[in-house]
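In the part that follows, the structures are each spelled out as C-alpha cells.
Paired with subunit B in one complex and with subunit C in the other, subunit A is shared by the two complexes that follow.
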Partner chain A sequence: MIKEGKIGTIEAISISTIFLITKAFYINPGTVIKLMSTAGWYATEISVLGSMLLFLILYLLMKRFPGNDLVGIFDIAAGKFLGKLFSLIFSGFFVYYSGVNIREFVEMIKAYILPYTPPSAIIILFMGIVIAYAYAGLEGIARMGYLSFIVILVGLVIILVLPFPFYDIDNLFPMGGYGIKASLQYGALRSSAYSEVAFLAFIINSLQGTKNFRKAGLISLAFAGIIIGTIILCSLLAFEYPQGSENLSALFQLSRIVYFSRFFQRVETVFIFIWVMASVITVSITFYLAVSIFCKSFKIPKYRPFLLPFAFCTFLVTLLPENISEIVEKHTNFLRSYSMFIVYFIPILVLIIAIIRGKKGVKEKDEEA
Partner chain B sequence: MRKLRLILFFVILVFILTSCTTDRHEVDDQVYTLMIGCDKGIENKVRITIQFPTYKEGGGGGMGKKGGGGSEEGEVSGTLVATIEASSILEGINLLNTSTTRRISFVHTKTIVFSEEMAKEGVRDYLQPIARFREARRIMQIIVCKGTAEDFIKDNKTQIGESLSKAMELAAKQSENSGYFPEVPFQEFYTATISPYRQAFTIYAGLNEFKTIKPLDGENVKKNSPLRTEYNMQPGDIPRTGNRKIEFIGMAVFNGEKMVGSLSSYETRYFLLATGRFKRGIFTIEDKNSPGDAIPFDLRLARMPKTSAHFENGVPVVNVKISVEADLGAIQSRIAYEKVNKINDLNRHLANIIQGGIEKTIRKTQQEWNTDIFGFGKKIAHNFSTVTEFEQYNWLKHYKEAKVNVDVIANVRRTGLMMSSSPIRNNEDTILSKERK
Partner chain C sequence: MAEKSNALKKLFSYLIYKDKKQVKEFYIPEADEIRKQQDNCKVTRKDTTPPQEQKSKGIKKPVPISGVKQDKNADTQKADDKTISTDITENMKYIKAKFNASVNKDIVLREFMIAEKYKAFIAYIDGMIDKNVVNNYILRPLLNGEKFKGKDEECQLDFILQSVLETNQLKKITKHSDVVFDMLSGNTLLYVNGCNYYISNETKGFPARGVEKPVIEGVIAGAQEAFNESLKTNITLVRKIIKNHNLTTEYIKLGERNQNLCAIMYINGMTNPAIVDEVKRRLKGIDIDINMGDGMIEQLIEDNTFSIVPTILSTERPDRTAAHIVEGRVAIFSDGVPFAKVVPVTLSALIHSPEDAYMRFPYGTLLRWIRLLGMFFATLLPGLYIAITNFHQEMIPTELLIAIAKAKENVPFPTILEVVLMEVSFELIREAGIRIPGIVGNTLGIIGALILGQAAVQANIVSPVLIIVVAITGLGNFAVPNFELALGIRLLRFGFIIFGVLLGFYGIVALVMLLGIYLVSQKSFGVPLLATIAPRTTRSNDLLIRYPIWKQERRPDLLNTLDRSRQPEISRKWTQENPNYSHDRVGEDD
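For the complex of A and B:
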C-alpha cells in the first residue's frame, strides 16, 4: 500500500479549507448572487449546513469501518467489483475536477492578466508545479497547505477590508433575495459546492482516527462557509446585486476598485498571489487523490510512476471546454451543483449496502479507548 | 535522471527569465492614455479623442526629464491629443495604433469624458468596453462636458507642477474642498446605471472662455456690487479669468443611460449634503439682519445623514435627517452673532436655508426628471421582503410620488480666531458697523 505519512488536524483543516474556498476566487460568488441575489451571502450557509449533514452521514460510514479509508471500505462493503468501480469513478472524478479547475484558472488568468499567452503554456507550467507537489506526496502538500493557508487568510482580509469605502449596508435589502423557496432550493442544491470535504475520507488513515476526520471536516466546512459567505457579502455591499452577478471574479473586482490616494491603489497583486497559491494547493490535492485512489484500488504500492500518465489525462480534460461559457455553464455548474451525487451519494449508497449486508470493520484499540 | 532535472530546470528558468510570452511588455514600449473623450461621430458612430504623454519634459506622468527633445506641434502639457472616428471606443483606439509609434494602453487612464450631446443620446454603448475590458480600471472618473469632448481634452493641461496625471487626480479631489461637484468613479456610475435602487449622476464640466466676467471699465465700476450667495452656475459660467479653462461645477443627472438634466453648483452641494458626500466647503448666506452683507461659513457634515423610508397608504415617505456643523468665516455686518442668544438664531437661519435648498433640489429631481440620484430606493427596499416584490414595485418609476421630509440641524461650533467684532470707526467717530444700531 502507499505510505502517505501522517498529517495533523490543523494541516488537514488548512488543506480542506483551501480546497473548499478556492472556487470563491473564480465565478462562484457571481453565480450565487445571480441565483439568490441579496440572499446569497447567508443562503450559502444553507449549502454548508447541507454539506455538514451529508458529511456526518459519511462519518457514520467511516466510523463503521475504522482503520480503513474510503477505497478500502468500497471493497469491503460493496465487494471487489463494485468497490473498484466506485473507486475508479472517484479517481476519474478527481481527474475531471483537476482539469476543470486548471482550465477555469487559465481562463481567469487570460481574462485578467495574460490575455495573449497560449493556454497550453500556462497549463504546462501549472501542471509541472502540481506534479512536483504530488511527487512530494500528501505530507508535502499538507505542510505547504498549512503555510499557504495563513498567507491566503491574510491576503483575503486585505482584499475584503480595503474596498470598505464602497460598502453600503443598504445593498443587502430586500434581504429575502428571490424568496425563501429559491434560497432553500439553490442553497440545498449547492451543497455540492462544499462536497469536496469528502476527500478527507480518502486520506483518513493519515488523519489518525475517525474523530480527527470528523473534527477536520466540520471545522473546515464552517471556515469555508464563513469565508465564502463573507466574500459574497462584500461583493453585494460593494456592487449591489445586479452588478455582483456580472463579475467574472468578485474578489478580483474588489481588489481593483481599491483607491485611497495616488500612492495607495492597484492592490490586485495581493489577489493574484493568494489566488495562484490556493489554486495550486487545490489542484495538487485533487490530482494526488486521483492517482492515489487509482493505485489503492489496484493495490499498487508506488504511485509516482502514474503521475505523468495522469497528468496527461488531466491535460486532456483541460482541453475539453471550448470556451469560458462552456466552462461556466456546463463544467463548473456540474461540479458546484451536482457533484454531491457522486461525492456524497456513492458513499451513502455504500453505507446502505454495508448495513443491508451487515458488513462492519474491526474496531481499533485506540478507537475503543 | 539528475541531468534530465538540470535540463528541465534550465529550460523553465530561460522561459521565466526572458518572460517569453506574448504578454510581455516593456514599460516604455507603450503609451498610456490619460483621458479618453467621446463625441458623436460624423462618418462613424463615435469620435474618440485620447490624450497621452510624450515622455518628454513634463510628459503627463511626471517622469519626464529635460533633453528629450523640444515640444511637438499640438503638444499640451507634455501630452499629445489625437482624435479618430470609429465604430467603438476599443476599435478607435486600436485604429490609432496605426499612427502611433507605441501601443496605446488604458491601464493608467484617469478620466473618460462624454460630450453633453452624446450623454443625452445615451452612453450605454460606451459603458460596456470600460466595464468589460481588462485594461480599463473602474476607478477612473466619469465626466460629462459642455461642448465637445475633443475641445475639452485639448484644454486639459496643468499650470501647476509638471505632472498632468497628478493634476487630473487632484482636480477630481477638489470636490472634497469645495463640494461644488461630486467625485464619481466609473465603478459607481456603472453600478447606478444598472441599479434598481437609484440612478446615475456624474461630474458636469465645461470650458470657461473667461467671457462671463465683465471688465472693470468706466460704466461697470460705477455700479453697486450686489450680494449673490447661491449662484447657481453651469460649467463655463463662473465669472473668472486666468488659470486653466476647464472647470468642474455641478453634476449631470442620468435616467438610465441618458442624461436628462443637470444640477447647478449649489444644488449639487445640497445633493452632497443630503447623501452624506459633502466633505467641506465655504457656504455663504445673506445676513437676514443686515441685507446685502454676507456670512460665509466653513461648512461640513456633523455626521452621516439618517435616512429612513416607509409607506403611508401606499405612498412612499422618506425622512432625511441632516446635521451640519459650521465655523464662522466672517460677519460682514459685524453683528455679534458670537453671543449665545444670537448664535442660536444664526443656527436656525442656516438650517432653514439648507433645508429649503435640499427640499427644492429633491423636488426638482422628482418633478423634472423622476430620477432618484439620492438613492432613496435603498431605504425603500427595506420595506420589501424579497427582491422579486421590490422589482415588481419598480421604485424608479414611483420616485416622483414619494413624499420626502427633510430635517436639518445646524450648529455653528466655532467663531474662527475672533470672539467678537469691535465696531469700525472713522474720523468723524461714526460707528459704521450695524451692531449698535
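For the complex of A and C:
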C-alpha cells in the first residue's frame, strides 16, 4: 500500500476547509445569490447542515470499519468487483473535479489578469505545480495547506473588511429572499457544494482514528459555512443582489472596490495571491486523491509513476468545456448541485449493503486503547 | 675580409633553409609507464649493486647507536604495518621507509641513549612541533641520568612514562597506523629498545592564528570571539562556554590522503542519541580522497545535495554553537577551518542571529522582523516589480504609476533587460568586492555601485525607480544572517524574475507555491526544515517573536531531547521573594 504518512488534525482541518472554500473565489457566491437572492448568506448554512448530516452518516460507515479507508471499505463491504467499480468512479470523479477546477481557474485568470497569455501556458504551469504537490505526497500537501490556510484567512479578512465604506445594510432586505421554500430547496440541494469534505474518508488512516476524522470534518464544514456565508453576506452588502448574482468572482470585485485614498486602493494583489494558493491546494488534493484511490484499489504500492498519465487525463478534461459559460452552466453547476449523489450516496449505499450483508470491520487494538 | 665573409654568411642565413633546433619537450607519462620504469630500475639495481660489505671495504665508519652492542644472534621480529618490533633498528627502518626519509627531509629521527643505558629514538616532523618542548621536556630529562639511578635494568618505558617525561599529554601507542597519524599531527614519538609500543608526546607547535573577531557574523551586543583554524582551540572555545561534565567530544578521521581530524560535540544524556549516532554514521560512511574542512563535510552528509536552502547551519561563533549544543543539537568541527556545523536545524534557526538572544525581547523581536522583511525584499522585490509593471499596471496607484512611467520614458530598453542589467552588475560588484584587496574593497564596492547606478540613470539605460528596487533588494540580501541562505535567496531571486516576466503575478505566486512544497519536503537529519510550523509541533517561544528569556522554558520539541525542560516555570525566583531590605509601604506612617 501507499505510504501516506501522518497528518495532524489541524492540518486536516486546514486542507479540508481550503478544499471547501475555494469555490467561493469563483462563481459560487454569485450562483447562490442568483438562486436565493438576499437569503443566500444564511441559506448556505442550510447546505452546511445538510452536508454535516450526510457526513455523519459517512462517519457511521467509517466507524463500522475502523482502520480501513473508504477504498478498503468498498472492497470489504461491496465485494471486490463492485468495490473496485465504486473506487474507480471516485477516482474518475476527482480527475473530472481537478480538470473542471483548473479550467475555471484558467478562464478567470484570462478574464481578469492575463488576457494575452495563451491558456495552455497557464494550464501547463498549473499542472506542473499540481504534479509537484502530488509527488510530495499527502504530508507535503497537508503542511503546505496549513501554511496557506493562515495566509488565505489573513487575505480574506483584508478583502472582506477593507470595502466596508461600500457596505449598505439595506441591501440585505427583504431578508426572506425568494421565500422559505426556495431557500430550503436550493439550500438542501446545494449540500453538494460542501460534499468535498468526504475526501477525508479516503485519507482516514493518516488522520489517526475515526474520532479525528469526525472532528476534522465537522469543524472544517463549520469553518467553510462561516467563511462562505460571510463572503456572500459581504457581496450582498456591497453590490445588492441583482449585481451580486452577476459577478464572476464576488471576492475579486470586492477587492477591486477598495478605496481609501488615491494611494491606497484596489487590493487585487491580495486576491490573486490567496486565490492561486487556494486553487493549487484544492486541485492538488483532488489530483492526489484520484491517483491514490486508483493505486489503492488495485493495491499498487507506488503512486508516483501514475502522476504523468493522470496529469494527461486531467489536461484532457480541462479541454472539454468550450467556453466559460459552458463551465458555469454545465460543469460547475453539476459539481455544486449534484456531486453529492456520487460523493455521499455511494458510501451510504455501501453502508446499506454492509448492514444487509452483516459485514463489519475488526476493531483494532490501538483504536480501543 | 673576415668581416665581409661574416656579413655574407648572415645574408645567406636569411635565404637558406635551416633545420630547427630540436628541443625535447616535457610530458607527463602514464602511471603504467612510471611503474614499468620503476620495476626495471629495481631489477637492474639488484643485478648491478655490489654487496654493502664490499663497498665499505677498508673504510671505518662511526657505528650508529642503534648498532652498538647489537646481539647478532637475537631473533628479532620484523616491523611492518601491523606489528611494532621489539628491535629499535627494525622500527627505525620502518619509519624511515614509511615516510620516505631518504628524500623526505622533514622527518627527523634522533637516536640517543637514555641515561647511557637504553637505546632510544625520537621521531617527529620538522616544523610541526614545538622545539622548546622537545628539547627541554623530553630530551633533557631523558639524557639526564639522575632519575635513573638506582633503577634496575628491566625498568624501561613504563618508568619513563610515569616519572621522566615532562610533557602534559602522553599515551602509549601500539599500532603503527597510529604512530604515523600522531607524527603527522605534530606529536613526537619516543621509542625505547625492547618495547613493542611507542610513547606519543603532545608537542604540537605549528603556527596558528589567534582568536579574533567574527568576520561574517558580527554582532553589536554579545561576545566578540570567533573560531580559528585550530581544532583544539575551537573545541576549547565551546568548552569555555559550556562548563558541563557531560559535554562530550568525539573524534573521527576523514579523508584517505590527508586524514583530517573531525570532532563532534554534544551533551551526553541530553541530546537525542539517535542524532549523535546518525551524525557518526554519516561521517564514518564517507570515503573521500581529501577532506578540506566542514564545507566539504556539509556537502557529503547533508540530506539533499540539490537543496536550494542549506540544511546545515554554519557558524563561526562559539557562543552560537554552544547555544545550539545546549538546545540538544550536535556540532561538527573540522581541523583547519574556522567554522562549526550544527545539525539538525530548521529554517528558523537559519534566520535567527545570536544578537536576538542578547538583546531585550522587544529589540530582539524587532530585529528579527526587520530581517524577515529583508528576506522578503531580497527574494521577491525585482520579480514583483517586473510582474506589476509588465502585466498589472492597474494595480499600481495612479500617481505612483505616473511617476514610474515618467522615469522610464527615456529608457529604450524593456523592463526585464533593465532589471537583468542592474542585477548582474550588482552581483558583479559584490563578487569583485570580495577580491579587491584590503581597505579599498569595501569602499570601492559601495562607490562602484553608486557611480554605476548614477551613470546608468544619466545615460538613460535604466530608470531611477529600478535603481531603488535593486538597492533595496541588495540591502535585504545583506540582512540575511546566514551567508549560505543569502546565496540561496540570490539564486531564487532570478527564478522569481523569470517567472514574473513570463506570467506576471500568477507566475510569482506559482513559484512561491512550488518553493513552499519544496521547503516542506526538505529535512535536516530527520527534522523537517519548516518544523514548528509545518509540520506543527509544540509552540515555540523563539520563532518569529522572541519571547522573554524567562519564558523559554522548553527545548525545541522537534529535537526530542532527553531532557525537555530548559528551566523551571519560574526562573526568576527573586520575583517571588521579598527583598532583604524591604519596608511595607501600606502600614507606613507619614
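In the analysis below, the second predicted complex is superposed on the first by the 368 of 369 C-alpha atoms of A that agree within 3 Å, B and C clash if a C-alpha of one lies under 4 Å from a C-alpha of the other, contacts with A are read in each partner's own complex, and residues count from 1 in each chain.
Here is the rule we use: contacts are C-beta pairs under 8 Å (C-beta built on N, C-alpha and C of every residue); 3 or more make two chains touch, one makes a residue touch a chain.
Please read all numbers here as calculations on a predicted model, not as lab measurements.
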item: Contacts of A:F166 with subunit B and subunit C, given as first, second, both or neither; value: first
item: Which superposed partner A:F126 touches (first subunit B, second subunit C, both, neither); value: second
item: First (subunit B), second (subunit C), both or neither touched by A:T38; value: first
item: Contacts of A:L319 with subunit B and subunit C, given as first, second, both or neither; value: neither
item: First (subunit B), second (subunit C), both or neither touched by A:R262; value: both
item: First, second, both or neither for A:L114, with subunit B first and subunit C second; value: both
item: First, second, both or neither for A:G176, with subunit B first and subunit C second; value: first
item: Touching partner for A:L308 - first (subunit B), second (subunit C), both, neither; value: neither
item: Set intersection of subunit A contacts, subunit C complex versus subunit B complex; value: 113-114, 117, 121, 125, 128, 262, 265-266
item: Complex contact set, residues of subunit B against subunit A; value: 12, 15, 21-23, 131, 134, 137-139, 166, 169, 185, 187-188, 190-191, 194-197, 375, 378-379, 381-382, 384-390
item: Contacting residues of subunit A [partner subunit C, same complex]; value: 7-8, 10-11, 109, 113-114, 117, 121-122, 125-126, 128-129, 132-133, 136, 139-144, 146-148, 262-266, 268-269, 272-273, 276-277, 280
item: Touching residues on subunit C, where the partner in the complex is subunit A; value: 391-392, 394-395, 397-400, 502-507, 509-510, 513-514, 516-518, 520-521, 528, 530, 533-536
item: Parts of subunit A lying in touch with subunit B, wherever the complex brings them together; value: 37-38, 111-118, 121, 125, 128, 166, 168, 170-171, 173-179, 239-243, 246, 253, 256-257, 259, 262, 265-266
